[in-house]
Amino acid sequence: MTDTASQSASPATTPTAPPSRLREFWSSFKENRGAVVGLFVFLAFLLVAALAPILAPYAPDAQYRDALLVPPFWQDGGSTRFLLGTDALGRDLLSRLIYGARFSFFIGVLVVTIATTCGVLLGVIAGFAPRIIDTLIMRLMDIVLSFPSLLLALVLVAILGPSLLNAMIAIAVVLQPHFVRLTRAAVLSERSKDYVTAARIAGGRPLRIMFKTVLPNCLAPIIVQAALSFSTAVLDTAALGFLGMGAQPPTPEWGTMLAEAREFILRAWWVVTFPGLCILITVLAINLMGDGLRDALDPKLKRS
Amino acid sequence: MSAPVLTASNLKRHYEVKGGFMQPAATLRALDGASFTLTPGKTLAVVGESGSGKSTLARVVTMIEPPTEGELVIGGKKIGPEGASRDRDLRAMVQIVFQDPYGSLNPRQTIGQTLMEPLLLNRPEIDRKERDRRARDMLSMVGLRPEHFDRYPHMFSGGQRQRVAVARALMLEPKILVLDEPVSALDLSIQSQVLNLLMDIQERMDLAYLFISHDLSVVRHIADEVMVIYLGEPVEMGPKDVIFDAPRHPYTKALMSATPMADPSDRKERIKLEGELPSPMAKPEGCPFNPRCWRRQEICLSVEPELQGGNPAGGGHCFACHNPVPEDETAAA
Amino acid sequence: MLSFFIRRLGTFVPTFIGVTVVAFAFIRLLPGDPILLLAGERGVSAERYEMLQEQLGFNQPIWKQYIDYVAGIFQGDLGTSFVTKRPVLDEFMALFPATVELSLCAIILATIIGIPAGVIAAVNRGKFFDQALMSTALVGYSMPIFWWALLLIIVFSGNLGWTPVSGRIGLMYFFDTPTGFMLIDSLLSGQPGAFRSAAAHLILPTVALATIPLAVIARQTRSAMLEVLGEDYVRTARAKGMSPLRVNGIHALRNAMIPVITVIGLSVGTLLAGAILTETIFSWPGIGKWMVDSIFRRDYQVVQGGLLLIALVVMIVNLIVDLLYGLFNPKIRKG
Amino acid sequence: MSLLEIRNLSVDFATSSGQFRAVDGVDVTVDEGDLLAIVGESGSGKSVSMLALMGLLPWTATVTADKMEFDGHDLRRLSGRARRRIIGRDISMIFQEPMSSLNPAFTVGWQIKESLRKHTSLSRSQRQDRAVELMRQVGIPAPEKRLSAYPHQLSGGMSQRAMIAIALACRPKLLIADEPTTALDVTIQAQILELLTGLQEDTGMAMVLITHDMGVVAETVERVQVQYAGQRVELQEVQGLFDDPHHPYTAALLAALPERATERKLPTIPGVVPGQFDRPAGCLFSPRCQFADARCKAERPVPAGPAMGHALCHYPLSHGHPTGKETAA
């Protein structure tokens, strides 16, 4: 016995220990340049959201009656007083955009938290529960998915009443089936692996197996989905705001700002362009990050 | 010979396969009547091709699934179709090592956590310090080093992972170890390391092994008794030397003959089996082996042969065949 | 294949029942008295209230209401608009072709550009073309299409004056619309310039609506191709001495199409959601705009009926896609 | 002249953590009608060298060789188009996983006939006849019916037969079989090996059998090339190899076979095959070799002569004892 032990032990290990999980993750994440750019843009977005009162030159709802629809400073008629110009009520566009970042961030965090928590919980239950409950949960999700997401959100807001909070709840409801399906699929494929059987033979109770053994191994796709849902949440809330069913004026939410600016599209391009650009950049940054996460976390793509 | 630690009588495990539209539900007879005993310090090897029910047998013996029929008696406790009780001591008695060293360890747990988990769940009276100590002792017993304790499975080679899997199985001090193709996924040079470890541990801890394998040369080396199964049914059973030197069932003989031996000077004429293993959902009438058998007779098509000779439940040589290979012929193989 | 079809129908029926429950519950979940809600803002006399309650069956027990509702659905009775006083189904059928025309053009555009783009990107993995294409796709995927549509209007209608801003056809054309598809009807009318006008009106909404599905299809095609290109049978095809064009275009693509078809099918749902925004912005008289207008007008009978019909359309499309999927996948088709 | 001659073949893979050398200066020679086995454990580069020959490696691989000649063609200089006229016609290959090696979207017949259409001038009906003939040749029952079957309707053994039919379609001069029976059960393995050796005898083609199974080697081939960590460590006639292995690795590997064991405790080879990060400086086998000395750990060995099985060793074994050690020390 001692013989086997010493034989295998001495040369078996590599002199340089392989990198840890986190290091390995970071090194493959940073290989993706887009993802790193996305991460930095996202961090900047967070910073802007956190420091909005310090960064914004004016209050978001302060109206300057002497300066209606002033163009950005580089255009004729613009001035450095309002760097990106003003809207039809004489409010500073830059300040409103900066405050808008707060809303988008808040929306993203809340929606993703609600959708992920409910979705993952239901998904794990569906993956482990007896067939009847599984079928029941999945049929329910099918029903939710039978409605175009934006339409369902619109109708939910119509029921709950138009407000930012209700819009977020509606979007969380619409996003959550994707988490259920994803989690269930991941659970089903993990569940049949030998280490789960081993944990059961070791005496693990169902709850421990579900949440302590299996769930941590399903997290990679869920994290990616959460990142991508963050961008969907921002996008859909803006869309609801744009349709007048989300945040209500004068809230400086980007989609709502766009809706207010719609009638000026051919007269004052800036009131339309900048809020949309903010949405696009934020969503793009998060999606870039999400793609990077996927590549770094999904070993199937990593090794190919 | 010491008293058996496990007795299985007429174990069956069937699965109902739900039929689709216009297809009736079918019964998959994965395991169809196996009786054997396991004795401390001895190894019973189960040999068969894929789909023969070897792995189902492993799942039933480890009490992951209850038998559909028949019963297991483990340490005096009966386990029938109603399933095993949540009796910790009973479950701790039978542990398993799986084939795939990559799928059998939780990638999110360190080796230490993996080893301590069984104690944490089954021996709550043992404190943290003691758990830690026992896990570290076990680690050195299977030939791994102390610094491996805090590492994750992905940092290990297949052979090392298999050592960890053995260590985990031993943490609860079982009496029976089910080894489901424990070395099939390993390279030859690693395979012998793990086999030595297994034989060594058996001797030290007086374990009973149920060794499942398709590799006859490994079986020949490690087994005391051999059971050959075909389509879920044992077709021949007996002491290793008898099975290898004088097989009576045509399937056993064909299996031996088909296994290539690492000796170029002895290129024998193989017994060629026709066709492939039928689906366990559509088992042939009569002897399950009859469509592929070269000694088939009229009776084989209609009457299923019973295991005969020896004592089906307690050692001796027995086989299920109407027209067995004559004893003088077997010696030639 | 038949058993696959039956199994698939087995999930269709319960889902449809669930959808009817949702639509049925919708009006009853609205805060306030449903009859007052349905009657609109002007309110009703007590007499008329009674009458409406009788007529709509709100005095019945809830399960009876539901059964009547479902029975009504099977007779094509989805209620009447309180604004136009026309049956909901009639309104839907009148507007549906406009949405189908727009969605169909968008999905065709997205498919014929998206699939080749994804294939080319996958084959040139890691090279400049792949990176450029996939960056563009990601921007498209991240695009707030309501803003994108406005930008398109600013540039192509405002600055360049190439395309009209809204509607389906110029106001000077007037003809019967037997098919409801403006491109076809304008051709059938024989009026000079009518087809051109119809096509010009279609371009911007199509581009706006196709953007996200295009990006999704391109990305999905690329990843499906990458996965398939690593399969053993692709290696077999190369070992047979097949040219790269044949390996990628036949051996790999045929298998990569299986997940892509699913994505195209799912895009139909996205498309209908996107149509809500696109139709609103371009004043396209389709069901998306109809739904939004109805929600704002509190014409809840229309919202209820529309919700049900749109879900039904999505479900039928998904059913067709799954059957197509079966056709592409011999594992399902044969055994 | 040899049918296939490869000199000093090396294959490097670009990985995220740097270059990884999978094949390290390997020579392969195959004569017409030859039956050669390449044996090794995982990581020995046995498949990679043959995939390099076929041009089937991914773009992350860099292939270099002093010579790579098949049937008078210099494969290194051939254009892709010209190379594809040889690949699949004169050299063909079958793989380890028969089930996943057939394209699931097409019928078996389509996949056989595709090769015929590409490499021969047979007419449509001649292709049909040839496909039926091939199916019969590889022992698939009811060939006409099976031609229209999809791969998922075939068992593993049948799939491998269909793969062999595809490989034989254009009467190749060389067939490379990459672990053709590893995924199959022993009784099916016996059928497939018998089929392959029978076909090799009947058609006179050369065959390279890549495997890790010493039993299969002993029962099937004439010459054996042993590989370890990307290098060829020994090349011998099969009988000689099993009787008197000249490289310590070969000797240790044979000794580790349970069926050759004389005692209950099996002889082992300590340690594992070196990976990307721990390639030793001298002989690659030195950390695991029971005969290794300071020279082995420092200096790279050169192959011994044919009498010593080309053993890549400073002290090649003769009947279990290292030779040349006294003179070196």
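Order of writing sets the chain letters: A, B, C and D. Residues in each chain are counted from 1.
Here, a residue touches a chain if its C-beta (ideal position, glycine included) is under 8 Å from a C-beta of that chain, and two chains touch if they have at least 3 such contacts.
To keep track of the chains, here are their UniProt names: A, C = Dipeptide transport system permease protein; B, D = Dipeptide transport system ATP-binding protein.
No experiment lies behind these values; they were computed from the predicted model shown.
Chemist: Closest chain to the overall C-alpha centroid, by per-chain C-alpha centroid: which is it?
Modeler: It is chain A that sits nearest the middle.
Chemist: Decide which interface, A-D or B-D, involves more C-beta pairs in contact, and give its chain pair.
Modeler: Between A-D and B-D, contacts are more numerous in B-D.
Chemist: Tell me which chain's centre, taken as the mean of its C-alpha atoms, is farthest from subunit B.
Modeler: Looking at centroid distances, C is the chain farthest away.
Chemist: Measuring from the mean C-alpha position of subunit B to the mean C-alpha position of subunit D, what distance in angstrom results?
Modeler: Roughly 32 Å, centre to centre.
Chemist: When the centre of a chain is set as the mean of its C-alpha atoms, what distance in Å lies between subunit A and subunit B?
Modeler: 49
Chemist: Subunit B to subunit C: how many Å between their CA centres?
Modeler: 55
Chemist: What residues in subunit B touch two or more of the other chains?
Modeler: Residue numbers touching two or more other chains: 157, 159, 193, 196.
Chemist: Could you list the positions in subunit C whose residues touch two or more of the other chains?
Modeler: none
Chemist: By residue number and range, which residues of subunit D touch two or more other chains?
Modeler: 268, 270, 272, 288
Chemist: For the complex, which residues does subunit B have touching subunit A?
Modeler: Listed in rising order, the residues of subunit B that touch subunit A are 62-64, 88, 91-92, 94-96, 98-100, 103-108, 117-118, 121-122, 140-145, 148, 151-152, 154-155, 157, 159-160, 163, 165, 168, 172, 193, 196-197, 200-201, 204.
Chemist: Given the complex with subunit D, which residues does subunit B contribute to the contact?
Modeler: Going through subunit B, the ones touching subunit D are 49-50, 157, 159, 187-193, 195-196, 199, 214, 216-218, 220-222, 254-255, 257-265, 267, 270, 272-273, 276-277.
Chemist: For subunit C, which residues are in contact with subunit D within the complex?
Modeler: Against subunit D, the touching part of subunit C is residues 231-233, 235-244, 251, 254-255, 328-331, 334-335.
Chemist: Touching residues of subunit A toward subunit B in the complex: what are they?
Modeler: Residues in contact with subunit B: 1, 4-9, 12-13, 17-18, 21, 193-195, 197-205, 208, 213, 216-217.
Chemist: Going by the contact rule at the top, pick out the subunit A residues touching subunit C in the complex.
Modeler: Checking each residue of subunit A against subunit C gives 34, 139-140, 142-143, 145-151, 154-155, 158-159, 161, 231, 235, 238-239, 242-245, 255, 258, 262, 265-266, 269, 272-273, 275-276, 279-280, 283-284, 287-288, 291, 300-301, 304.
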